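Read from first to last, the chains carry the letters A, B, C and D; within each, the first residue is number 1.
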Amino acid sequence: MPLPQASELTVSTLGPCRVPSPLQERGQQFVDETSRVLVSADTRDLQPFLQTGELPPAFEPAGPRPSLFFDPATLTCGIVTCGGICPGLNGVIRSVVLTLTHSYGVQRILGFRYGYAGLAEKSGYAPLLLTPEVVDTIHQQGGTLLASSRGPQELGDMIATLQRSNVGILFTIGGDGTLRGASALSREIRRQNLPISIIGIPKTIDNDLAWVQRSFGFSTAVEEATKSLVAAHTEARGAWNGIGLVKLMGRHSGFIAAHATLANPDVNFCLVPEVPFTLEGEGGFLQVLERRLANRQHAVIVVAEGAGQEILQDAANQQRDASGNLRLQDVGVFLRDRITRHFAAQRIETTVKYIDPSYIIRSLPANAFDSEFCLVLGQQAVHAGMAGRTDMVVGFWNQNFTHMPIALAVGQRKLLDPQGLAWQSVLQATGQPASLVGAH
Amino acid sequence: MPLPQASELTVSTLGPCRVPSPLQERGQQFVDETSRVLVSADTRDLQPFLQTGELPPAFEPAGPRPSLFFDPATLTCGIVTCGGICPGLNGVIRSVVLTLTHSYGVQRILGFRYGYAGLAEKSGYAPLLLTPEVVDTIHQQGGTLLASSRGPQELGDMIATLQRSNVGILFTIGGDGTLRGASALSREIRRQNLPISIIGIPKTIDNDLAWVQRSFGFSTAVEEATKSLVAAHTEARGAWNGIGLVKLMGRHSGFIAAHATLANPDVNFCLVPEVPFTLEGEGGFLQVLERRLANRQHAVIVVAEGAGQEILQDAANQQRDASGNLRLQDVGVFLRDRITRHFAAQRIETTVKYIDPSYIIRSLPANAFDSEFCLVLGQQAVHAGMAGRTDMVVGFWNQNFTHMPIALAVGQRKLLDPQGLAWQSVLQATGQPASLVGAH
Amino acid sequence: MPLPQASELTVSTLGPCRVPSPLQERGQQFVDETSRVLVSADTRDLQPFLQTGELPPAFEPAGPRPSLFFDPATLTCGIVTCGGICPGLNGVIRSVVLTLTHSYGVQRILGFRYGYAGLAEKSGYAPLLLTPEVVDTIHQQGGTLLASSRGPQELGDMIATLQRSNVGILFTIGGDGTLRGASALSREIRRQNLPISIIGIPKTIDNDLAWVQRSFGFSTAVEEATKSLVAAHTEARGAWNGIGLVKLMGRHSGFIAAHATLANPDVNFCLVPEVPFTLEGEGGFLQVLERRLANRQHAVIVVAEGAGQEILQDAANQQRDASGNLRLQDVGVFLRDRITRHFAAQRIETTVKYIDPSYIIRSLPANAFDSEFCLVLGQQAVHAGMAGRTDMVVGFWNQNFTHMPIALAVGQRKLLDPQGLAWQSVLQATGQPASLVGAH
Amino acid sequence: MPLPQASELTVSTLGPCRVPSPLQERGQQFVDETSRVLVSADTRDLQPFLQTGELPPAFEPAGPRPSLFFDPATLTCGIVTCGGICPGLNGVIRSVVLTLTHSYGVQRILGFRYGYAGLAEKSGYAPLLLTPEVVDTIHQQGGTLLASSRGPQELGDMIATLQRSNVGILFTIGGDGTLRGASALSREIRRQNLPISIIGIPKTIDNDLAWVQRSFGFSTAVEEATKSLVAAHTEARGAWNGIGLVKLMGRHSGFIAAHATLANPDVNFCLVPEVPFTLEGEGGFLQVLERRLANRQHAVIVVAEGAGQEILQDAANQQRDASGNLRLQDVGVFLRDRITRHFAAQRIETTVKYIDPSYIIRSLPANAFDSEFCLVLGQQAVHAGMAGRTDMVVGFWNQNFTHMPIALAVGQRKLLDPQGLAWQSVLQATGQPASLVGAH
């Protein structure tokens, strides 16, 4: 991805910070506002700037500020979780509530239920009052205490709810559709000149947000996904020409599939959205699979949810779901049937076992790695909101938590680079050809 | 089930035992042949016998005998695994190999590959030579080192292979179809008066073998199944009127579904083959589910693979698979679609998440409980074979390992008793009505 | 163990049952009072009775009765947990509370805190009011919601508390010291002719209660213990003459050590209280260990907490702890030091890694197997108490839940039989000599 | 830490690379030699360089090079693992072997056994021949296939072994003592002008290597450590004034303790080497603990292995172990006894449960996160060696794998910054005072 312009990196604020932070009294270290986190640590990107002396593009660092925009004593905050569930959601909710309460002394925190629907008056979902007691042990459970839903709501209705509830900061935890909604909400709020901050906490189990090194839940997902790969391998070896086929999450990016493959050496084929393949033809997937079976009598295939879209023929089935995402065909079921038919037609005995662990994975509580990440992520989101930042997400980049405008985060998707280290390592680990596009 | 007759409990033998067991030299305790394990520990079943003084029906106990039918020095043994994979298969294989080798000094053990197909000359699968080194760590892996297949092979072909390989004892690890095949094989062998023993080791992850208290893999299956129940509960609570639906194994018996339900208190409906239900009607499943959603806004449903067959309409799809088992429709997918349509028709918003963890479960290595059980089960199978028993399985009943004729084991299936303790506890734990048969 | 006399099997009752059970209205199956569960399923034990026609010793079966001693509408119940924590405690508490509430409609349940101390007025620990909401998810946590303590309290003080709190049934969950206390309490209560039932729920992670096939937490303990055995094996193989030494629970009985050994094939020596050994001498432990190292350069040793007491020299350190149990020396630390010194003296390089996972094990939540067991155990305890049984424990024997007088349960300890199946299997699995008593 | 000088970042090479890499034929992407990875992504560190136009300090990136120093066809490689075991060791060994074999076609790889001792002729440990078959599944096991030992060996003896075995590249996997030894070996080799490369792969479960963001095994260690924290919390809550005390690894740095604390919200006190504390005095640890117990009746304490050294009074016990590391007293046992005595003296009833999970943790196989990391780390080490780099380690920094001179890696230790984000988050999460140094 080309480096963003400095202008794209500037985070919006609601206004000057005039309230002294209560953290001042506890000897807290505050962020040095002259510090920035370089977008690129590659010296090749640095060269032009060394010549001009201009500062290269860099992120505002996250962290506590000595002065606040909001007065904690009178502030009400809101939290909402949108889209599919993801390991760590409750950890983020818990961290936001505990940090608001214990670090800043905020007294009133509302948990809006069932996603943006909980912000629409017409839905009639009353918010939960969130206290440290309510969130004390929720991180031990998967899912979200607040429940969720997909899709946007009418901006005016949501703003009316925020005003009626006296909300100063709304923390929205969700994926790119949700964040686009948050950005639209924030822009309308600023147009109306309202003192309401919208802080996004990016939730993408696929880890596909631009300029964000890792998103919560991804590590847990990869860890659990490897168990299905082991299962597929065991099933595959248990039968003559056994084929274990696992579909993993990854609508547009194959990070879960690729990293699970790297963590498990039993995978023979990893199919991701970023690397096209064909079923037919010399060197196409089916022919290579056939060769693998002839040599080894079993095979393990991992396919990301969004892989092979170009070969799913019934384009008419492509619809957009409630969030406006492209409704993709189920490539796993498609491949299972297609492989079965292929070998049946050739009178080659095979046994295909298909595993789709998606709901088992995404409903897990966070593993230790994600738990810690959720804790610190929630803390940073609170610090950002208290300092009057808005229309931004908290990111993580080059070993630092960062502030990033929502527009930059959702402007393009992070994709696996077929020339990059991870995919090259996948090719080495699987032994699959660099291209599975067949010649005709 | 009515108690078996004494005649049904008599185990076949190949002939007198004249070879002293090498275990005699190691101070081994041997089975007291006057001992038997009562089939029923209920005094009501005992009363008639107390009046006549006749011995009530009882199993021959498993265990080492001081004299053997086979001479270990010249004996070759074979092992074969048939049907679907199951946690613990490798543990049983390993135990049989180690016991034959270390306890008896058997020198040659053949692992026939890909189920009964490995015993058919036409398949051309060469057997593996099994040694302690080969099986040393296989119990750490799920599946079966020998791979498997479904379906029978021609008896003459199999006997020819056994004779050509000079096999004296064949250990067949498999389910009821496999055991029926083993029994037919054993009868033909005895008809031909050949000195070959067929020892069955019952493999049924569903735990549905008559007069067998527990089968290996069942405990592991229940343990892993509970994880999917947690996932379903998390998904269900994450959305308005969320429904988590989990299909578990249990073609004819609902033991896995019932016991997983007892181990996890989040289940609201447990549907098993033994308890009929209807979808429609007053008090039928859909109406009760609707009431549950109205009260609690989420529901968790567990359905055993073989439940609700009477309501699967397209009977034409019922086919028999390669092992001759009834090919049942996938009740999980059926219910998912049916529930979704029902609520859509009523314009009630729901979100149904369907989880089918079957392959993940059955491919696991055995848990500690099953590991130990597999170890001891394999030891008993070897003791039985060395003593010339044949056409039998090793069972476990009233705290003892037992010998049981195959005919008795496969004569009828063990089923959940709707009036029994386990199902009554399920009703208490779920709160579901005793009957989900709707009135019309 | 010799079979108990019929008189030892008779369970005490507070008086006639005149209150119809509310379960009658729900079509509940009740226990057939003519049914009993045979103590022995071995036909050798049956022979004398077949001659006389007399009924052999048998347990009263557990389960719901159609008539009750207590009126649920006015009944208050109490629960107390004593001694060390054990996986499943919260599951039992939860099951007792839910069964009392949902099956019988009992309105007031008190959780006495910190063991018997919570029943002593002088301690000043107020009881918790237990409701279905309070116990809803406690089974997901290890330990006990009620906390615990060791040691008895003054009987009069406890009875006064029960009377002041109006408690009709007290469920005491604890080990043999606790149960002896419960029995004494029950006898004093009956001497005073008070309508208070004492129902014991046996808690012994060591699984050493007489005539009880399994106790809750044992399966979880064995499962977790095997992880330490794997660790010990890994450490042992990681160094020249590496020795992995694991101490497991088992003060008087080696069941955890033996069954963990059977579930894990890496153990070379299993030392239990029931099988004496010596360190020194020809054929003593140290010499055999030395030979093992010479042959294989590593060794894994499992020692039960109570093994080798006869060789712990400093008898002066033997004290009784607060519960009156014999205070044993820490055999694990002793062995670690003794082995290290032995090989140092011989100038043989070794590395000893000592692992004591006891607190990690006993603080776990119950695994699926124990979870289900705790659920049903708690139900049976409630049924027994409602029917006016007292001075008894709920047991499990020959596939049935049973009632058993406390005196019988604590009269003798269940021990590993060195001639029995389990220990013989341990010897085969480890390859250790049947005797490690050295000759001098 | 102050930024290193450019000279400290220069990696040594054995000579020019004249052998074309076999990866050229497979369309491999090679490293751009003009690229460097900035040491600091903080713009404050960049400012001086923007003014001068000079390149800031930066690491050489890891990765495959188009030309090699060694000819794979004739190359022999060696691998050795030193020091304590750590999750992922086998994964690194496996990755090195597979990459050498499959990517470069190296034919002969020797695994030296038992650490540097395996390189000393006098030890007499013959090396293992490592092939893809030998290492195929070793990553599923904890520990190291090659076994290990501590301490250095004589340089001349080791060089003689390398020459006799014809080793071109030696991969040494170990901690800072090991790496110092590797550097000395490399310097002596270059002094003798021998064509032998020494590539270090840093192994530190404590994650305390300077300028290395993460080391393998650390993530697994933190994940497993949290289980002991849960156990400690459960034990603590199970008794009146229960105290759960867990000792975790961290000889000089408290990263495991701090990150496990962040991943688990039950910890009340986290004690690390970087933050001094006293037991006595107003505001000292014991007084604050006493206050905690008075308020909440239980406490969870995590102590890193190297914490509180200044208060361990018996300095005489300080010795250096075989690797020359400072032999620290066992702070866990010390604290357990000290806390027990303190409260006994005050006649405050407490129960202290002490858990030391170190061997259980370090013997685990790598989790998914570490597995993947080990795979890629091993690949990078091979690329570096093939290109003639020497006296270096493979690092990971600012999202890139890097080359770093051993001298820089071992020049100083990475420590927790008491003013940094992680420790500040620990203070917030535990609620412990910033200082536990008591006033007198």
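Keep in mind that, in the parts below, contacts are C-beta pairs under 8 Å (C-beta built on N, C-alpha and C of every residue); 3 or more make two chains touch, one makes a residue touch a chain.
On a predicted model such as this, the values are computed, not experimentally measured, just so you know.
Shared contact partners of subunit B and subunit D are A, C.
Here the spacing of subunit A and subunit C, counted between their Cα centres, is 47 Å. If you average the CA atoms of subunit C and of subunit D, the two centres end up 42 Å from each other. Our note on geometry: subunit A versus subunit D, Cα centroid distance of 30 Å, whole angstroms. Counting partner chains per residue, subunit C shows two or more touched chains at no residue at all. In terms of which chains touch, the assembly is arranged as a closed ring, every chain touching its two neighbours and no others. Pairwise chain contacts present here: A-B, A-D, B-C, C-D [touch as defined]. Taken together, the subunit A residues at the contact with subunit D in this complex read 26-29, 32, 34-38, 41-44, 46, 49-51, 53-56, 58, 63, 94, 98-99, 102-103, 139, 213, 219, 222-223, 225-226, 259-260, 262-265, 367-369, 371-372, 375-376, 379, 398-401, 419-421, 424-425, 428-429, 431, 434. For subunit C in complex with subunit D, the residues that touch the partner chain are 85, 114, 117, 141-144, 147-149, 227-228, 230-232, 234-235, 237-240, 242, 244, 353-357, 359-360, 363-364.
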